[in-house]
Structure formats: C-alpha cells, structure tokens
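The chains carry the letters A, B, C, D and E, assigned in the order they are written, with residues numbered from 1 in each.
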Amino acid sequence: MGELLRVESVSKRFGGVVALDKVSFSVDEGELIAIIGPNGSGKTTLFNVINGILKPDEGRVYFLGRDITGLPPYARVRLGIARTFQVPRPWPGLSVLENIAIGALFGSGGRGLGVAEALSQARNIIRVVGLEGKAEVLAGQLTAPEKKLLELARAIAMKPRLLLLDEIVAGMSPKDADRVVDTVRKVRDEYGITVVSMVEHVMRVVARFAERVIVMHQGRILLEGSPHEVLRHPKVVEVYLGVAP
Amino acid sequence: FILGDRGEEGATATETGAREGAEAGETPAEEVETLVIGAPLSLSGKYAKEGEMSLMGALAVVNWINDQGGIKVGGKTYKLEFIFYDDESNPDRVVSLVEKLIAEDNVNFLLAPYSSGLTAKAAPIAEKYGAIMLSHGGASDKIFTQGYEFIVQILTPASRYFVSVLDMVKAIDPEAKTVAIVYKESEFARTVAEGAKSYAESLGFEVVYFKSYPADAQDLTPVLQPLKDINPDVLIGGGHFADGQLLARQLYELGIKPKLIGLLVAPAIPDFYDNLGEAAEGIVYPSQWEPKVKYSPDNVPEGYEWYGPTVEEFIQYFKEVARERGKGDIMPSYHAADAGAAILFLAKAIEKAGSLDPEKVREAMNDLALYTFYGKLKIDPETGLQVGHDMVVGQWQNGKKVIVWPREASEADPLYPLPGYSG
Amino acid sequence: MEVGQIFATILYGTLIGVIYGVATVGLNVIFGVLRIVNVGHGAFIMVGAYTTLVLYGSLGVPPPITIAASILLGAVLGLITYYLVIKHLVDAPELATLIATFAIGILLQETVKAIYGSDTRGFSWNLGFAEVLNVNIVYSRLAAALLGLLLLIALYALIYRTKLGLAMRAVVQDKEGAMVVGINVDRIYALSYTLGIMITVASGSVLAIYLQSGIHPYMGEIYTLKGFVIAVMGGLGSIIGAFVAGVLFGLFENASYLILSQIEGIQPLVLTRSIAFLLLLTILLLKPTGLFRR
Amino acid sequence: MTVIDWFALRTSLKRAAPALALYTILLILYFAVPGKSQLIAQILFYAVLGQAFNIFMGMTGYVDFGYVAFLAAGAYGFSIAILLLSGVGGGWMFIPLGLLIAAIIAASLAGLVGAIALRLRGAYFAIATIGVNEGLRYLVEGLNILGGSIGLYIVKDMKELVGREGYQLAATTLADMLMFLLAGVAVLTTSLILSTRMGFALQAIREDEDAARALGINVTKYKIAAFMISGVLGGALGALNWALKGGVVEPAQVFLILYTVEAIVIVMLGGAGTLLGPIFGALIYIGLNFTSNVYIAPVLESAGIKATGLHLIILAPILLAVIIAAPQGLVGAIRSRAPSRLREIVV
Amino acid sequence: MTKQLLVVENLEAGYGEMQVLWGISLSVAERGISAVLGPNGAGKTTLLRAVAGIIRPWSGRITFSGEDVTLSPPHVKVGKGLVLVPEGRHLFPELSVEENLLLGAYTKLGRYNLEESLDLVYSVFPRLKERREQRAGTLSGGEQQMLAIGRALMARPTLLMLDEPSQGLAPKIAIEILDILQRLRGEWGLSILLVEQNIVKSLEIADYAYVIEQGRVVLEGEPEELSKKGDLIKAYLGI
C-alpha cells in the first residue's frame, strides 16, 4: 500500500509557545493510527495543520504525493481529507439524517450525487454507526456521545481517503467507546478509509483501535510503534500515563 | 368617525331616535343629502405635523360650509362629511386607504395625500375609480407633468416659492448682487432651490453658492462655514421643519450674517421664534398663506369671485376644531389653509358643475377663478397646476411674524438688512 | 482651502464625533451583553432630547442638570422595558428581539407625539462664542461635547474598573460559565440593558444641548442608523471602539466635505454620507470585526 | 447533477403546495371582495417582500439590513428601461424589458455586494449592508444621477407607450397580477432550493458556517448564489411596486430602511425559514395595522378619543405581545407544538 | 449515620417537554464523596445541572446544609458553596486564564480567600501558571479542563460537583486530580459529587455510589458492596 500522507518537519508557534517543533511522520493507506501525548503536547495543533485550519510556520504537508501546505480546508476535503471536531459541531437545527446527507453531498464522493441518493446513503450510514431511530431527531437534541457518533457518521458519508478523528471517544462509556472503535474498524475495511485518530487519553481504546501509536511530547514526536510496545515504554509511562497499564 | 357635521352628536342621536318617525313620513323642509369627501392624511410618520394641520384646516372649512347650509347641487342641498385615515406618511398604506375611501366609504372626492411620492401611488387608483384628488400638500411640479386628469393643485408650485422673496430684495435693494442657496437634498426643496436659482439669475443676481445637505443632516457646519468668508448679500434655502431650524440656529451660531436670510417652511411655524430665540430674528420666509393676509370680499381682483369664510372666520373655525381635538389654542399654519382652500375650490366646482360627476366637476374647475381667505385660486386646465395663487413674504420682527411683502398686503416694512449685517 | 476652514473642520468634526460616540455607546453595551440589536435606539435618544427640551425649555432647569434627569428617566424606561419585554426574549431567536425593540421604538415615538405633538422644536441656551481665524467657537457646543465625554469616561470606568463590569464581560463570553461561578445572570442582563438605555437617553440630552433644534418625535431614526454604523466600525460591544469610531466618523464626514467641495457639479455634504459608508466597508474589509475587536 | 432531479422536484412541489394554495386564496379574495383589492395587494406586497427576504435570511441566517437596496435597484432598472423605450416605442414590451433590466441590475448589485460583504458575519454583515444602501442613496443624490433627489417620474412615459387606459390597467390590476406571479415564483424558487444540494448547503451554513466550511462546502459560492436570487426577487418586487405601480422612483422613498425592518417583522411574525411564515406575517402585520387604523381608531374617535394617527400606539403593544407569546413566529410555534402531520404541512 | 450535606429527593427535570430525570433521590455526606455512574444519556449531566440550578427542577426537593434550595437560582447556590464544574467546561474564552480564575472567586467566600486559592490552583496546575496571560479559548483541551476545575476551586466550594473531570486529561493528570480532590476533602472539608466514566478509580475514592439509568437510580451502596455486585454494574454500564 502506498503512502497517503506525509508531514515534513512541521513547526508551529503561538507567541512564545512552541506547539509543534519539527514534526515529521507519514501515513500509509489503510492504516489505523493513534496519536497520544500529554495535555498541550501539540496533538490538536498537528491535526489542524493536516486539515488546513492552521498554516504551519515551517515545513510541508503532502497528500498523495501532492504538496497541500497552502490549500484551504475545503479544498483538502475535496481531495479526501475529512475530520471530526473535538467538541462536536453538528448543525443543531437539522435532523440527524440531514446532517449526514449533507456530508454525502459535499464530501469527496458527492459530485453528481442526487439528493435522494444522498438521503439513502445517509440512512445506511446511520445504521453502520448505530444511530438507528434517531434519523429524524434534531442534531441539537442528541447527547454528547450521540453527537460524536453523528460527527463520525457525517465524516464517513463524505467518503474520505483519510479520516481524522479528534478525541472521538472522550466522555463515552466503555461500551459506546468500543462500539465506535468497532465501527471505525469496519468502516476502514468496507470503505477503505485510512484513519488517524487522536484517541487521546483512554488507553484501553488506543490499544484496541490502533495499529500504530505515535506519542507526542512538548511538540515533538517522542516515539512511535505498536500499541503493545509504546504503552509499556518507560518514557511514556513517565510523561503520560503515570502508572503502567 | 365622520366629522364635520357640526351637529353631529346631536344629529346622530336624533337620527336614531327619529328613525321610525322618518319612515312614518316626517318630511323635512328640504331634503338634505350628504356629500362625502375623503382623505388619506399623514397623521403619523414624518409628515404628521402637516397632516394634523391639514386635517384641522379641512374640518374648519367643512364646518363653515355646513353652517352656511351646505352646497347646492342641481336643486339638492348637500352637507359635507369628511372622512380620513392615517396613511403613516407611507405610500404603501395610501393605496389601500384610497381604495377603501372610494369603494367602501363611497367618497366622491379626495384630498390627495402629502408629498409627491404618496400622491403618485394614490393617483392610479383614484383615476381607476374616476375620483378627483386635490393636491393641497404637494407643491411638486413634476407630478403635474405626468398626464393625470383628475389631480388638481391648490398651492403654488415649488419652483415658484422664492419668487416673491427675490422680487422683494430686487425692489428694496438694487445694490444686492450675490445670492447663496443652501437647501435640503429632497424632491421638494431641490425643486424650490432650482426654481429660485433660475429666477434669481433672470433678475440679474449672481448665484455664488449653491449647495445642499442631506435629509436628516445633524450638523450643517461644514456647508455653512465657507459662507463666513464668501459673505453673500442674500441667503435663501432650507427644506423642512427640522433642518430649517437647524439651519437658522447654526447660521446664527457661526456668525453668518448676510443682508437677508430666507428659509423654507420652518419659519412659517408659529413657535419658530420660541424654539430659536434671537437666532430667528429677521429671518424671512415665503408662505402660501399667513393668518394676517388681507384677502377679503372687499378687495376681490378682476375676474375672480369671492367664496368661503373670511380670514377671521377661517381662523375662528380652525381654533374651534383645534380645541375639540385637544390641541389647545393654536393658530392655523398655511398647511391648514391649503387644505381648507382645497375644500372650497372643490365645493365651488361642484356647485358650478351642478353635478357630482367627477368629469363635470373637473371641467368646471377649469373655468373657476376663486378668491378666498387663501387668496387667488386658478388652475392650468391642461395640467391641473396651480397658476393663480401668490405667495406672501413673512418676516420675524421682534419675536413676531409680520407680512412684509407684497407691498399691498404688508403689515410692516421689511427689516433690511439683517441686524448685525457686517456689510 | 483656507486655514479657517481646516480649523473649523477639525474642531467641529471632533466635537460632533464625540457626540456620535456617546450616542452610539448604549447600542454597544446592549449588543455586547445581550446580543440584542436595539432597533429602537434612536427613539430613546429622542426621549433624552425631549427631556432637556421640556426641563430647560419650559422649566428653566440648567441643561447639564437635565442630563441627570435623562439618566434617571433612562433607568426607569430601561427597567420597565426590560422586565415587561426583553426579559422574555433573551433566549428567543435574535431576530425576535429585533421586532420587540422595533415596537418599543414605535411606542416611544408615538407616545411622545401624543403628549407633545409632532412639531419640530428647539430651545436656546446661548453661552456665547469666541472667534478664532474667522471661525466662531460656540461654547454651548463645547460644553455638550465635554459633558458627553464625561459620560463616556464614567461608563468606561464602570465596565472596565468594577466587578459589575467584569461580570458583564463574563456573561457575554459564556452564560452557563457565568452561572457556575455565581454571577446572577438575570440581573446582569437587566443591569446591562438598563445601563445601555440610560446612557442612550442621556446622550439624547447631550445631543439636544449640542444642536438645540430639530427636536421632534422621529428625530432619532438617523441616530439609529449612524449608531449602527459607528458601533460596527469600532467593533460591536467595545466602548472605546464606539468613542474612537464616533470621532473618526465625525472628522471623516467633515474632512471629506472639505475635499469634495472642491469638485464642481456635485453635492459635497450629501456625498460625505456615501464616503462615510465607504469608509465603513473599507474598515470592515480590512478588519471584519471592527477596529477594536479581535 | 442529473438532468432533472425528479426527487427534488417532487419534494419541492409538495413543500410549495400549502403556500401556493394560500396565495390562490388571496387571489380569489382580490377579485371577490369589493373595495379590498388594494388591501390584499398590500398584504401581498409584504408577503412577497418577506418571502424574497427570507430566501436569504431564512436559509443562511444572515440578515441583510440593506435589503431594500435591491428593491431600489429594481425600481431604477425598470424606470431606465421605460426611459430607454419612451422615445422609441415598443408598447407593452416595457414590462418584460423593465423586469429584465431590473433583474440584471439587482443581480449585479447582489453579486458585487455579496462578494465583499459576505466575508463578514452576523451583525457586521447586517450593518455593512445598511452602509451599502445608504451609500447608494446618497451617491444618487450627491452626484445628481438618475434624477438625483427628485427621482424619476415615468407615468407620462408609460402612458405614451401603452396609452392612458393601458397605463391605468398596468398600474393597477396588471401590476397586482404580476405581483401574484412573483409570489408564486418566490415560493417555488425557495422550495426548489430547499430540496436540492444548494438547500442543504445553505442550511448547513445557517446552522454552523465554520463546520460547513470545514466539511468542504464552498460556503462563499452558496451564500452569494442565495444572495443573488433573493436580490433578483427583491429587484422585481421594487420594479413592480414602485416603478410600475407608483410611477415615481424617489430616493427618499425607495431606499427607506424601514422596509427592511418591516420585512424582518413579517418574517419573524410568521416564522423564519418557513414558506408560510411570510404570508402569515404579512396578514398579521398589515391586518393589525389596517384594523387598528381603519376600524379601531374611528371607534375611539367617535367615543371622543382623538385616536387617528395614534393607531401605532395600539399596534406596537400587540406586536410585542405576539412576539413574546411566539418568539419563533406563528408558524414556528405551530411547528414546534403541532402533531407531526400538521408540522409537515406547515414547513 | 454521618450528617448529610446535600439531599436530593424525588427530583424530576428535563428539557422542553422531554422528561429526563424520573424521581432521583441521592445524598452527599459532609466531607463525603458520592459518585454517580451511568451509561451515556442516563441523565447524569442533567442531574448536576438541576442541582446547580442551571435548569429548573420540575418537582422534588433539594436541600443543602439543611436549607431548601430547590428553586434557588445558580448564583445563590454558588454563594452557599454549591459549585459545579460543568460538562463542556464553559470557560470565558476571550478572557485570560487568570481572569477566568478571578471570576471563579466571584462570590463573597471566594473573594475572601482569593490569594490563597490562587496559590493553590497554580500549585496544583503549574501549566496554568505558565499560561496565566493566555486567552482561555486557545488552551489545549486538557488545559481547559484544568482551568475549569481550577476556576471552580476558586469559589471555595463546600460541595463540589464535577461532571466528568478527567475527560480530555492525560491519564497521569487525571489520577493526580482525583488525588487532589481527596486531599482537599481533608484540608477544606470539601464534599464531592462526582460523575465519572473512570468507574474503577471513582469507586476507589468514593464512599457512596449511585448507578443511574434512564433517569432513575437503579443501584446504590458503598463501593465495596457495589463491587460485589460487579456483574450488575457491568450489565448497567455495559462493560
């Protein structure tokens, strides 16, 4: 499988704070990657550099071999980079179904898609993520975890090549979290979507989800490897976990 | 709320009480019918002031006519009724109100709404139903070039507003050369200003400053300050109430003192002086009418016929209406006289026509040359424009309004040049 | 262009600018805290102008003291309209409040008209003048601008130097957050709204002292419009913004007149309006949230 | 997109049906009730004003305070067409040509303003558009173009084109019929947009513009498109109401911000973002106004209370009561409380 | 039995016409820690918001230190020492970290102890001290959570209600926070009502726990007891 995304020595500063310090890594097609690290280590910043919300001070971002450093977010979406928000941002006044249908209509797979088709695709995805019965509910009335599921569904409907998930399971009960992980894995297998997740601070989920884990610390990549290796690594335990899992 | 029949309350009471009686064959000496005149009036919104005055002026004349026994049309006697609704100074309200007046209230004749925008909106409906509209508040010239058949103007058109003022200067001070014109950028004031400019030039004046200010201007300092250096002989202009006051006040504050200041509309209002104090002193204004005009049955000009209340009667009737409407003891402004004159012109035309048919009444208006408390009234048959009526020139002298021009009508000599004129 | 002209432009541009600033800032306070665009703004200004007109014109109360009366009247009107109307709409869609303030404005205008009639009125409070460079410096206008400035300073101190002000700013940022730290959000709304109305009514008095004429029930409409523009130019919700933008606006109007009046065939004072709005657009293009907001 | 999106067409017709039915009822009343045709025409004017305004506000959540500028643009456009034709002749052509020029001018204005001002958000946008409206007004007056502050008078020219009788018809019944047509067009356009990609995009923008942007929706494109559609409808409305029906296009009148405020009142009284809302809003607003003016005030007057001219004092508290009772608007209130069947119809 | 600080009886509440809480009763002892567990959407957040007064209870009774506070508005409750760390943080994003903390001390009680509280918060969260000038809105997710907790501490609560405090925090910090809460219980006599996903850890520090589902208490008891019913908990919480 080929390389999908490459980040090359990206730096980002906010005033005196160095949020990212020459970060480089790459993602292959089909991978499931988790990025973890202490609070404020730069995960969200990195994420925003990839999806185009932030412009890096230095360094470049390549997607499918193409330099996308200067592209605005929506153009990246067109190329196939979708995301969810850490604090979910569904359109509150629209129904769950409509939220997802809009994802289908305007995602990278949405060209030439009719409204009727989009709605039927949306119905399918509702089933995949397990929001059955909520199709007609206004998104604003969902519980927090339901909103996150909706975010996920909307992102899937966009049929991205690369899906970026920001703290998608935070606040979820273990059962729900597991279900989300399963959904994501299923989606990867069925739709061939590569997933990079900042599944942060819930190690059980990280272990279950990721095939590769990248650990960030103070704006740099501390180390990377399989969950098994990483989560036991003494440095990770020291700066991040506090106690070994 | 049909007002106008002076015995109204009594009449209504007896009417209901006597209904059976009437059916039983009670025969009045003479059959009295009702002729309904209607008007959309601006009683709220930006023309509310004019609207209120118009209302009271019209009612005053209606009352006078009814007290004289009404009008006689083809053997029948008609008393007048006056029906009005508030159009909020809003053209979109006018249309439905005019239709209601004509179609539901069976009004045969209308006073037009205030301003040309409102009149234009009302005209097609009035014409559709074939009702006559008398423009008592619209001094616009333009509206009468549009080929309306049933719209007739009562007051002197805007383009001729400053004619008398300029004539007066020319007559009393041949030395005066330079004229500055500062006016509000609005349909009315601009028509006035342009008319004044060309008339001034035709009299040999040099118009050295011709500037306008936006409607709703809050501070005229920028446009006035240069006049301090230019120092024209004559300054005329203005527009309406609010800006006219502001203009007078700021001319005074900024120390701009030409030989003559003539302003539109605002100085004609009785409390102009109360509002401005010393700043009002000496300011002249053209006026359609003043309570002290000397039009009377004794001085009817050649070819004109006297009709209606005397000036004193009009004022008395007006005051009564004003008191009834809770306005206290106030004098009529020229807006009141405009509306009153409109009613007179209409009533006479109906009598002359001997019919209520609008076509015939409109015909009759063409030959009408009336002399009233408002002065001369005569229209151009083709367009309906007012051609008979003359303006007078008033001036604030020692806190009082006096008529200073034309000579034959004047109460006092013009105060000229303005006190404090640096020369 | 003469020196006198330039001097007059700067002097009177600044003075009217200060007046603009005061006449705007109430809009800002109310929008800043309650997110309500007060379409009836001008009507409250009109009420202030009438307060001065009536108190000075009929009773002879010195004009500066009428400002205090306006502040009181503003407090009363603010509290009444808040508790009768606005309170029920704080959680309603933004535009519902727009209708409400529109209706309140109409109500004020028509009530004043019913009481005082629709005549345009004025009064005379003449303090004399000094003449410099053939320009009359009118003392009453200076006094009005100074009084306005005082009002602004007082308001600024209240919002940036008191606990109440801090609480107001907190409510703006996150209502629920404000609740959980123990701020009485309801009361802050009532106070902010009332404060906004108080300063607005007071600005009507200041304005009346400045112009001393043109007072009628509908006089406020233009200030609603200009107020919006100045508020946005300075940054909605910003006190300093309103002040700076007000002065800027006043100066700009006057200065552009000076330049435009050199051109033949146009009406410069009318065009200054267009130019002023062009200035607004330019500023917003460069800084989409006004001069003084992030 | 496929050639014809039958699904969208079907859903949009279904959506439009109740509003179209209401307009039809109004149309019948227009002819059936003597002496009230102009009242109905006035209600119609405000309904269409709300409808056209709502396309942009209801769908994007942006409030265009300067909306009346489009009406003005249309009125001027229509007048320009007539002035162009008046020397040449062309008879009834003046109406289609006038509407065309009105639409073109309004669309260009919308495109231009949209490209600049739609970068702003919320109140900033609203007020920048006030600036546009006022700026244009004083430009016309200050530069003394298009008749300056005096405005354009076109009654005479229309009479020259189609004769006195023709003009009479044009300015009354015909203008009102065209207004009904415009109402239909506005409703259908709205419902069609709602049922297509564009509708979904616009709703997403209204609900959370940043999220929409992040999701790859070309936010600017859709906003400008909606702005232009709304603007063109406004242009046609201005052309019909002021130029054709009024015959005078005067800056003080056609740039009056009050119309925008009234549009908002109409939309909010009825319920924002709904098709029936503006119709109900107009009915309430004009209905209340007319009733208090023509029926209540006279009763008070004959009871000795001089109420004429004060009916706004009656109207204002009623407006307040309505908005406090139903802050979402009448249709909004029905929608949130009614059983789902009715709800569907109301939307 | 120890004295109860907070007693909630038969509380019902919801949003609009949707009822979420169906007669919840629970209590927190003085210096006690009560934990509320439950699946997503069970109504835990709604419960805390109703107790804090942010939403109005429909029926039932809330007593705090023996006083009926059922319908008291939130600011009154905060004034009495009943303080919530809300779900979703609700910071003042445009204000600086320090201004946020100062606002935390808005009440009399808070103002009185301002200096001391500030020192405490900064020592607990040194990261906040580093960032005292930074705008709260630009903090990272975890930093914001620290600030939300810090801000609540500034009010000098007697009862602190925490809605999923460890959300978004690195495991190391999450553990530290729970330890700090334990400590404050000793130092300030703080009582705690805790809603947490981290069941193991919360049962570890709590001295009484409630499991709620669909707006009702379905299980309650001391942690040891509950642990014995591990299967039941698992069933309810779906572990």
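Basically, a residue touches a chain if its C-beta (ideal position, glycine included) is under 8 Å from a C-beta of that chain, and two chains touch if they have at least 3 such contacts.
Computed from a predicted structure; not experimentally measured.
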Label-sorted list of chains bordering both chain B and chain E is C
Just to be sure I understand: going only through chains that touch, what's the smallest number of steps from chain A to chain C? 2
Just to be sure I understand the contacts, which chains border both chain C and chain B? D
Pair joined by the larger number of C-beta contacts - C-D, C-E: C-D
Computing the C-alpha centre of each chain, which chain sits at the greatest distance from chain C? A
Using mean C-alpha positions as chain centres, tell me how far chain A is from chain D in Å, no decimals. 44
Rounded Å distance, chain B centre to chain D centre (Cα mean): 35
Let me have the rounded angstrom distance from the C-alpha centre of chain A over to the C-alpha centre of chain E, please. 29
Centre to centre, by mean C-alpha position, how many angstrom separate chain D and chain E? 51
Residues of chain D that touch two or more other chains sit at 138, 141-142, 149, 309-310, 312
Among the residues of chain A, pick out those that touch two or more other chains and give their numbers. none
Shared-contact residues (touching 2 or more other chains) in chain B: 44, 48, 52, 185, 212, 214
Write out all the pairs of touching chains, ordered by chain label. A-D, A-E, B-C, B-D, C-D, C-E
Mind listing the chain C positions that touch chain B in their complex? 2, 4-5, 8-9, 12, 16, 110, 113, 117-124, 126, 129, 131, 134-136, 138, 140-141, 211-214, 216-219, 221-223, 253-254, 257-258, 261, 267-270, 272-273
If we count contacts the way the header does, which residues on chain C are in touch with chain D in the complex? 31, 37, 39, 84-85, 88-89, 92-93, 95-96, 98-100, 102-104, 106-107, 109-111, 113-114, 225, 228-229, 231-232, 236, 265-268, 270-271, 273-274, 277-278, 280-281, 284-285, 288-290
So in the complex, which bits of chain D are touching chain B? 34-39, 41-42, 45, 138, 141-142, 148-151, 153, 155-156, 159, 164, 167-168, 171-172, 241, 245-248, 250, 252-253, 258, 289-290, 293-294, 297-299, 301-302, 306, 308-312
The answer for chain E against chain A in the complex is residues 15, 18, 39-41, 45, 87-88, 127, 134, 138-143, 145-146, 164, 166-176, 197, 237-239
If you look only at chain E, which of its residues touch chain C in the complex? 52-54, 73-75, 78-79, 83-86, 89-95, 99, 102-104, 106-107, 110, 151-152, 154-155
